[in-house]
Each structure stands twice: as C-alpha cells, then as structure tokens.
Amino acid sequence: MTTTTPHEPPGESALALPAELLVRMHENMVRARCLEERLIRMNKQGDGYFWIGGPGEEAFNTALGLLVHKGQGPAYDYLHLHYRSSATLLAMGADPVDSLRQMKNTASDPYSGGRNFCNHYSVRKWNVVPVSSPIEVQFSMAPGTAIANKRAGGRGITIVQGGDAGTAEGDFASCLIWVSRPGNELPCLMIVTNNQGGISTPASEQHGEKHIADRGKAFGMRTAVIDGNDVETAYRALEKAMDYVRTERKPMLLEVAVSRLYGHSSASGANLITEEADCITLLEKKLEERKILPRAAMDELRARTTQELLEASKRVREEPQPDGSTLYDHVFSDRDLVHDAASRGNGAS
Amino acid sequence: MTTTTPHEPPGESALALPAELLVRMHENMVRARCLEERLIRMNKQGDGYFWIGGPGEEAFNTALGLLVHKGQGPAYDYLHLHYRSSATLLAMGADPVDSLRQMKNTASDPYSGGRNFCNHYSVRKWNVVPVSSPIEVQFSMAPGTAIANKRAGGRGITIVQGGDAGTAEGDFASCLIWVSRPGNELPCLMIVTNNQGGISTPASEQHGEKHIADRGKAFGMRTAVIDGNDVETAYRALEKAMDYVRTERKPMLLEVAVSRLYGHSSASGANLITEEADCITLLEKKLEERKILPRAAMDELRARTTQELLEASKRVREEPQPDGSTLYDHVFSDRDLVHDAASRGNGAS
Amino acid sequence: MATLVQAIRLALHVGEERLGVTDIFGEDVGPPLGGVFTQSQGLRTAWNTPLDERGIVGTAIGLALAGQRPVAEIQFCDYAFNTIDLLKLAGGVSWSSAGDYNCPVVLMTPVGSGIRGSIYHSHSFDAQATRLPGWKIVMPSNPLDAYGLLLSAIVDPNPVMLLPPKALLRAKAGPDERIPGEPDDERALAKMIDAPLGDRTRWRPEWPDVREVFVPIGKASVKRAGRDATVVTYGRMVPLAMQAAASVASEGVEVEVVDLRTLHPLDWDAVKASVKKTSRVLVLNEDTEITNFGEHLVRRLSEELFYDLYAPPRLLAGAHVPGVGLADNLERASVPQLEGVVAALRELVSHQP
Amino acid sequence: MATLVQAIRLALHVGEERLGVTDIFGEDVGPPLGGVFTQSQGLRTAWNTPLDERGIVGTAIGLALAGQRPVAEIQFCDYAFNTIDLLKLAGGVSWSSAGDYNCPVVLMTPVGSGIRGSIYHSHSFDAQATRLPGWKIVMPSNPLDAYGLLLSAIVDPNPVMLLPPKALLRAKAGPDERIPGEPDDERALAKMIDAPLGDRTRWRPEWPDVREVFVPIGKASVKRAGRDATVVTYGRMVPLAMQAAASVASEGVEVEVVDLRTLHPLDWDAVKASVKKTSRVLVLNEDTEITNFGEHLVRRLSEELFYDLYAPPRLLAGAHVPGVGLADNLERASVPQLEGVVAALRELVSHQP
C-alpha cells in the first residue's frame, strides 16, 4: 500500500528558509491558487470547457519553478510537466493571463493557440516541452532530453513529473531503465507528486509499493520521499536533489506528498475539499508566527490577485477565437526551431 | 549492471535429488536438446524457415515442466511461456514430433497449423496459452489467468516466463503492479530466465539493476535469484517458489541464470557456443560421479534420440502443407472453447 | 426511457447476472465512481484497475483465456493507442493457434468528439478497430442498440469491441427503442439505477427486470427509407444524418440512412441493396479521413457497384490533423457538421451523370 | 552497386558526418551487431537500446525536442504497434503547441512480407503510418531512393518515417540507380563497409566518398510509362508491378507504373495525371485490405476522376487475417503475387465500359 510518510531526516531539509524567499514563494503560491480558482470559475460560468490544475501542489511546484536552471537548449533544464504545474510555470515567470487564454481557448493562447485544455503548457524558450493529456508519456521522453543535457556538459538536467496513479503505466518503468543504464546514467530528476490516487481510485487499492520511490532502488538510484506541503522541506529537499543530479549527472527519484484541493478536475465538480492539508494555510501560519507577514497583508494579496485575475478574465473573454480556416496551420513546421535554438547555443532568458 | 550470481543460501536448495528423478530429468533434457539440434538441422537444410529455441535452458525448464500442476481450467496452472520452453513442454508430455511439424509448417502442426514459427506452442488441454513472438506481452496477460486461479480457490497458479532483456518492456512492470495489488495479491510466479543479453546486446550495457529480481522488492514481493544450470538447485528452488505461490496465493519473482548454447536464433547462425556452461554436461558429471548412470548409457540415449528424431523429421517432411484455401479458417471461433472447458471444470490429463 | 449510458449499465447488469460476465473493469470503473460516465455504477463485478491500459487489455485476454467472461474498459479511446499490439494479439489468438483457443474478450471504449474534449478526449477509433482481424466491432447510435449489441458481444466467443459515442451517452431512446422491462418513466429509472451524489457506500441499485434483446452482430439497420441517395454511417453521425435527411426531405429529396451498427463483419448486403436502389451514396463518419474505414466502403462500392452509381461516391469524414482542437471553430472545422452533410447530400442528388 | 541496406547505411553515414545526425539507435543497432539487417554497421553514433520500443520512440522525441537529430529504429514494424500513441504525439508536437516546437525525429522500421517471417515478421505499416497526422511517410523501392529519401528525412524539420521493405533489403540498384561516389564494383563496396563475420572489435569501415542526393519528399516516380492502365504502388510491390507490366507488355498491353515513394504528403498530381491518361487504375500494396491506405487512393480517384475511369478502380492488397502465415501456401494466399497482379491487369484492360 502506497503511503508517503516522508523518510527524509528532519535535519538539513527542515532548515528555515530566509524570510525574503518565503515571501517570494508565498506570493507565487497565492498567485497560482488565485489563478486556479479563476480558471475554475471561468469553467463553471461557461468560459471554457474543462478545468484541470494544481491547487494543493503550490508549495512544491513553486520551489521547482524557482530552482529551475531556466533557458533554452541542452545547457539548461528541460521540464516534462503535467496538468498540475501552474505554480511551477508562474514561478518561472509565466503570465497568468496566458493560462486564462488557454482556458478560454483564444487564438492568443501562447501554449496551443486555443487547441488544448488549460494547463497544457509549451514554452520553448524555457525548455518546457509540450504538456499532453495522456498520462505518463512524458516519462518515456525524458531520457531523450537528459541525453542532450549530459552531452551538453553543463549543469542542465531533465526534470520529469507526474502523479502517483500514473506510475502504473509502463512508461514510468521505461524511464527508470533508460536513465540508469550502466555507464550511461542520465541527469534526470524523476518526480512523483503523490496525492494518493487517480481520478477516483485510491492508491491504497492499486499500489503494493510501500513508497513509489522504492522502485528506484533496484536500479541503484538515489531516492527520497518528502512532504510537499511544507515549503521549507520542499525547497530544501528539491535543492538537494537537483544538486545531486546536476553534479553527479545521475538520476534520482523523488516522491512528494501533495494535496488535491479541488478534486480531480471539473469532471468531478472542482469543489473545495477542506479535509486535506493546504500548503498555503500552512505557510501563512509560519509567516504569521515568524512575523514575516501580517495576516492583513496576506489577505490583501489574495484579494488583489483575485480581483486582477477577474478583470483579466473579462478582457480575455473579448479576445478572438481561432478561426476554422487555421485548422491545418502548424501540422508541419517549415523550420527546425529547436535545432536552430540549440545550435545558436542561446541561453537563459 | 545485471548479474545473476545466485543469492539463494546453499542449504536446502542444494539438497541432492533422488536418483530416479535425476534420471528422469536427464532423459527429458537430452530429448529436449536433441529436439533443438534436430530443429536447427532442419532449418539449415531448408526444412523450415527459422529456428529459435531453448538449448541451455533444459535444466530449469525440465524442472518447471515436471512441477507444473497440469490440467485444463483455473484449478490448474496456467503457463505463459516463450520461445525457449521446449524442455518444459516435453517434460509435460508433449510429442517432440509436433515441434518438427511446426518447424516444417505442416498442416498437422497442432500448435498453429503451419502458421507460426517453431517453439510457438498452444496447448489448451494443459493451460499452455499461445506463445507469441512479441517479447514480454505474456507478462501483461498473466494477471488475468492468475485472477482466475485465485477465484477457483484450489492450488492452481499462473507461471509466466521471459528473458532478461525483455524486462525492459513496460509489460514486465505492469505485471509487477497487477499481481501485487494490496488485498488482491495474485498467485503468480514471474520467472526471468537470464542469459545476460538480448539478441546481441549485453545486459551489462542496458540494465542498471544488480539483480532483475530486486525489482519485486519495492512491491513487497518475495524474490530469489538462482542458478538454472544446476538441476538440483533449479528443481528445489522452483519447488519452493511454487509452494509459496500455491499456498500463500501471493506473487513471487524468480530470476534464473541460464545459458544460450546456440546463440540467439537461426538469424545469428545457430552454431554451438562452447564457452557457456552446459547444464546437461554438468548433470551428466553428477550422474557419473554418483554412479547413477554410466557414460555409455547416456551416450546411447543421446544417439538413439538423435536417430529417432532424424527419422521422424523425414516422415514429417512428407506431411502435407496447409492449403491456401484454409487461410481464413479460425479467424473467428464458433464456440467458446475455453469457457466450455472451464465450466465443465474438467481436469488433469 | 434509458439513456445510452444507462442502457450499457443495464446490459452489463444482465451480463453479470444471467450471461456469466465475471469481471467489469477498467480505470475508475468500480466503486465509488462507477465509471467516468456512470456506465458501471452499482454493478456487482465492477472493479478499479491500476492506471495502465496495457495491463487492462492484457488482463482481459488472460481472463478470457482462463474461461472467464471479462468486459474491460479503456476510459477514453484516446488512451487505447498504446495497446494496438495487444488488441492485435487478442484478435489473433484463435487464428494463430489454429483454433486451439478462443478469446472471448469484450472491450468497451467511448469514442468521438462533440463534448468539447479537445485533442485527447475526441479521438475516433473506427479506423483502428476495423484494422484488427479477428475482432468484431460494434458501434451503437441509440440506447436499444447499445443494450442489444452489448448482450450479443458478451455471448460471442470472439473478441468484440463496443464503441459508444461519447456525445450520445446521454441521448434518450426514441419511442420504439425501449428496452423491454425498463420503467416507463425516465425519472423512475434514474432513481433506481443512478448512484446518488455524495456518499455512496450504502447505496444499492434497484434493477428493473429487463429482458434480453440480442441485436445481432453483423446486421445494419435502415433508419430511414429513401430513394434518392443513401447515407452509410454509424454512431454519432446517425442522428446527424437523420437530421440532414429530414432537412433535405423538405426539399423533396428522400434520403435513405443506413446505420451499420456493426463495422466488422460488415452487413455488405444491406449497404449494397440500398445503394443499388438509390444509386448515390455518401459515406459519413468523424474519424480522420486518410486511411479511414469509410474509404473501405467507398472502395468496395466503387469496385462492385461502379455502373450502378449516378454520381461519384462521396466520403465526408474528419480532417487529417493531430487532434480535434478545443475551440468551437476548430472542432467544427475538424468533424462533419449538419450544414456539411446537408450540402454534400444536395450536391449528391443534384449531380447529373 | 549498393544494396538497399547498404544504401541506408551510407545515408546514415552521410547523416552523422555531414547533416548533424547525433544518434542512430534501437535494439541491436550499435556494435557488435550493427542492426539485425546490418543497416547500422560501422556508424559512429549508433548505439544499442534496452529492449523497449516505447522507450525508443519516447527517447527519440525527447532528443528531437532538445535540438538533437535522432534516427531511431524499431527492429521490425511488427513491434511498433505498442507505440502508436507516442507516434501520434510526435506527429502532434507542432500542431498541438501551435508551432512552438517542432519534432525532427526520423524513425526507420522494416516492413512487409516475402522473407517467410511468419506472423510477427511480416506486417506492413503503411496503413498505420498514413493515419499519423504530422508525419511524413516515405517508402523506398530501390537503393537510390532509400538513400535519397533518408537524407531528405534527416534534414526535414518534421517527423519522418522510413519504411524499407524487408524483402528488398538485399536488392541491388539498377544501372541508373547508382549513388554518386559509390565504387563501381559491388564487392569492393562490401569490403569497405560490411562488417566481417566473427570478432569486429577492431574493424573500422572505410567509407566511400558518396555525394548527397536528396530525393524530395512528396514526389512520386513513374517507373514505367504506359497508356493502357496505371498501377499505383510502392515499396516491395514496385518490382512486382514492373514484372507484371513486363509480362503483359508481351501481350501488347502498356502499363504505367507509378512508385509513390512518399505516402504522405501524397504526390496527388502525379497519380491524377497518370490515371487521367490511362483511365484504368490498379492500386497495389500488401497491407491488410480493410481500412487500407490504397483505399484512400481509390476513394480520391473515385471522387475526383469518376468520369475519367473506363473501369472500376481496383485494389489488390493483403488478406484481412491476423498475420501472414508461415507456410508458403499461406503467405502466397495472403499477399499479392505476380499471377494475381497480372490477372488483375488483364481484367482491368479488357474491361469494356
């Protein structure tokens, strides 16, 4: 039965983060939460057909976005994300309005031109490869970008992330095999964000692993299981994991306990679930206790962000939809965009 | 890097087997070897288009065939085998001439009517499900027959066997997941016959696992790694493994070191490789040392069997080929054969 | 009157209670959800699987080979494309073993667009499915056919795939499409067999005493008779074709609508008879148009009825693009719409040979 | 004169030395074997993968997205059917991201029957491949086309699939199908680039200084001109069509043979021009006949050239059975043979409209 009791020793990883960083993380987490809540609203009001997203994963995903070595080409990190990664994107600098655009499937949606569901990003300039709906396929692709990272020599690594239920797909096992070939170990950080289940199926019914991360052990991989609801643990553990992968150029498997605060997706109602730990509440408690931010400031941040996104969503509503005549655009590329960028060797942006 | 140094303690599993059983195993191993050698000859002489088979795996596979709880329907063992299982089939009672028929793709080939390659068996009356060429798909099917075994209640188990390289396919991981669902553990014995490589690719280049069997550990599965070239170890370890699976109704993963004495297949020449351990030579040494069988008797057995199979191959050469007009036969079944048998609950044969 | 999804649930109930179905399984198919479309709520033998489509198909084959009667589900056909090899194997069990084994798997997977499902919840599967020798492929366009085809699938000794169109799952039965034994009142039925919202741990369905109806595999149904042109179609395109036929009927054009119901083995006699009569044919489906099953129909029609045709046979199908785009304009430009069907019919009947 | 498999090897050599290919990989593709058909012997960037087709396709996509130029191989197309979802994803990278990324993967996989490969070494892949929007699909029938199409595939910014027919791998080039720069003597070439039997650890190939020839993707080739009928075909069926054409030529019938070379995007102009001229058409391939790419050609021909045709358009393809059976009689009954092509041509030209 899969459980995610963290087994990271409390020492180093629980070290307090600097106040400034906590404030920065808090801001991003709130923005991400408000964004998701706006997306949910839009969907409920008929401004978008489907919602799926990451409320409950903001602490870990914000840490990830902040720690990424961001840029274009194999000297930088590649990100193979899934549909719960909004906080990562925002922490990297994405404009939340672009997410509203994708929800409303406008022509201006930079991730898919109104073709894909919300939270299905694609950002070539930051090595964020296209998110697609089929579960776990990103794990079959990650070894490819990791080979490029290794070849490039620098500190760039490949980060691939998915949910717990999805690890039952063979592609998760493929990734374990391919990143740990003897003599060809790859700098790949495999992340499982474990919210204890799939759409409705509890992990405890389907997964005989004590920890999913244990699956790495047979391959001689370093593994860790951490609490992703605590920003400090998340940040420290991720920093440590990334440092190992960057420096040793070897794979690691990291399992992260997270919450799912609005259920699976709009298909299951997208209503707030109050029983699960809320990483923002937990952080705000710390911020108050440590007197880093007063309650009022945090409330104000949330109110202001909510308001800004509401207004933005109204503007997005007026943006044009893609025209039917554009249907065949980009079926084929006429330029080798990824190769041009890589051979220009161009960089952080 | 995959190695198959056995880690079974020498105690119990190395216990000598009764002389009578050793003689019986020897006879089957020799018959299997002679059969494979005949198949190789037939192929080289143009009496068949392709050879693949099991020389080098006779010790373990004979033990398997002898220990199977043989019969039809879920009260008996199901066997998901691959193309190196001739010794298992012969030990179960298969007629070697049927293998010659499949090599010569005659209409009389009972396994496929001249449609499939040699050593691709199908024996419904013994729960041997059809062997197919795609590597590792048997591991995706095994949970299904194991569910039926569990449901039937008795001592019947599912045995699924494949090579080492094939464990890189996702289907091997699927099997690990499906047979170890908490509360729904299945009586399934997963066997990896490890000959240290695929067609030409050494396992040491591609597999980061110390032991492939270790992959079961994350799932709480019992595992073992044994030397399949020694009949006594093979028999004892398999007996023990089967007993565990039969009694506990839980899965187990068994890794077996074996040799590949004629290379991968006719595509790679099918010539004798003298560097690898030969399980028959090893057994014959024991039989001589223990004075169970004299050299001459063993030589005579081999000569006689070789001669018999040569003669049989000549007869098979005269058997008719399937007619082109039968092409569409059996695309659809008109009867539910497997269900009828199961519901008759009929038995050992 | 049952919706199409309720009809499936009723058939599964009859299957497990009277026809020997042992396992109804797939992702989220068991309690508490009972399927992402409610199709398996309240069923005794329904269970949840790991998130692993290959495991689902493989396990279904294993169960079938061990004399069980599995009904497996792939949650969306969009997620079945990593199992084509296993589907091919299932189709080859009998043939490859020269009849030693059969493989009585039933596989259900919802198909098609029309629910704004974007790239990965809008795929069709008819082209893929008809490329699987050894399988029978059925595709209902209404609740009664879904019920009766599924019962026939369950008792068939071969692998049978049921492809319910997602956009029709909530479609209600027409007056003559009643399942014998279902309550007259649709709210009564919902009360009996639809799981309540919220906690379901103590809920049990109350099954109506429906009777068995076996819609034969391999028999098309003429949904509307006409003399001027034939539309050969199936699934979600059937109601669209009916609407289009009704629309041109007001212009005095009588269109015959043939609902194939079974894609393989095909009711060629029915298709041929209709086209012989009308001499004009539109083949209609929503799968992508290159190497499309409708092209098989056009090919056979061209080969066998060339001189009976007063106009070139026509295929209306989905655009050859990687998916159905989310935005309305994109979905409409991707898959056949009413206007397009009407326009194609007008052109077909006005064509002068 | 290079064989088709040597031509592929030469193209891969040019690819890795001059066109930026970074990775040539697949099962047994690297040393010591260099491919089960010798296709990748002696190549600098060739490496062996785990036995995992999904990993191969996935890794190829990852490499491509990171600006590498991968050439991946699936050992036999028979083992690519568990990767259709990943192939679809590769084809959708550009479209789904609205042009943010492209995905320059080259995938090679040998196809077809004719080597007595039984059920799992005889599959065709043309129907599947043409159902992958976003991919370009090429299929050579001779060494020079294999060489030139592969070079074009390597420099194309899109996913391109090369489907070499297994039965033609040892086929020799015709006199005008030379790769510029290859040695005149075929034994000389073999000596330079074929790995020796036995220990190869110290062997290094000696590459001839071949020049680049880019056979354009999307251009068919008329292999034989004729006025009486057109055969539209590709891959292994091209030599068969040529033999059949030669055979009926002795009866005074002039058959035009169009080798598509690229299946998608299709050279429709070439097909159309030929059929307009001859008014009779046989489409020929060896994939199973239901939902077959040849049916796409027949459909477009029926729709667009209905009144130009003096005889029903005809498809000759493989039988709809789960595999090609091992026994000679079964293989011959499954896939088109010379007699069948000749008979179809005779019937086609003798047909009275």
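Points to keep in mind about this one:
Should a chain be cited, it is by its letter among A, B, C and D, assigned in written order, with residues numbered from 1 in that chain.
Quick note on the criterion: a contact is a pair of C-beta atoms (placed from the backbone, for glycine too) under 8 Å apart; a residue touches a chain by one contact, two chains touch by 3 or more.
As the structure is a computational prediction, the values presented were derived from the model and not from experiment.
Set against one another, B-D and A-D show the most C-beta pairs in contact at A-D. Ranked by distance of CA centroids from chain B, the top chain is A.
In terms of their C-alpha centroids, the spacing between chain B and chain D amounts to 37 Å. Rounded to a whole number, the gap between the C-alpha centres of chain A and chain B is 45 angstrom. Centre-to-centre separation of chain A and chain D, using mean CA positions: 41 Å. Across the assembly, chain C contributes 49-50, 52, 54-55, 79, 82, 85-86, 92, 95-96, 119, 133-134, 320-323 as residues in contact with two or more other chains. Of all residues in chain A, those touching 2 or more other chains are 112, 114-116, 132, 134, 168-171, 174, 177, 181, 205-207, 331, listed in ascending order. The residues of chain B lying in touch with chain A in their complex are 1, 168-174, 177, 180-183, 185, 204-212, 214-215, 217-221.
Looking at the complex, you find that chain B touches chain D at residues 49-50, 105-107, 112, 114-117, 132-136, 165-166, 168-170, 198-201, 205-207, 267, 321-328, 331.
Contact residues of chain C toward chain A in the complex are 27-28, 30, 32-33, 36, 48-55, 78-79, 82, 116-121, 319-323, 325-330, 332-334.
Chain B makes touch with chain C in their complex at residues 73-74, 78, 109-116, 120, 122-124, 127, 129-130, 132, 134, 137, 139-149, 151, 158, 170-171, 174, 177-178, 181, 329-339, 341-343. By the touch criterion given at the top, residues 20, 22-23, 49-50, 52, 54-55, 57-70, 85-86, 89, 92-104, 133-134, 136, 157-158 of chain C touch chain B in their complex.
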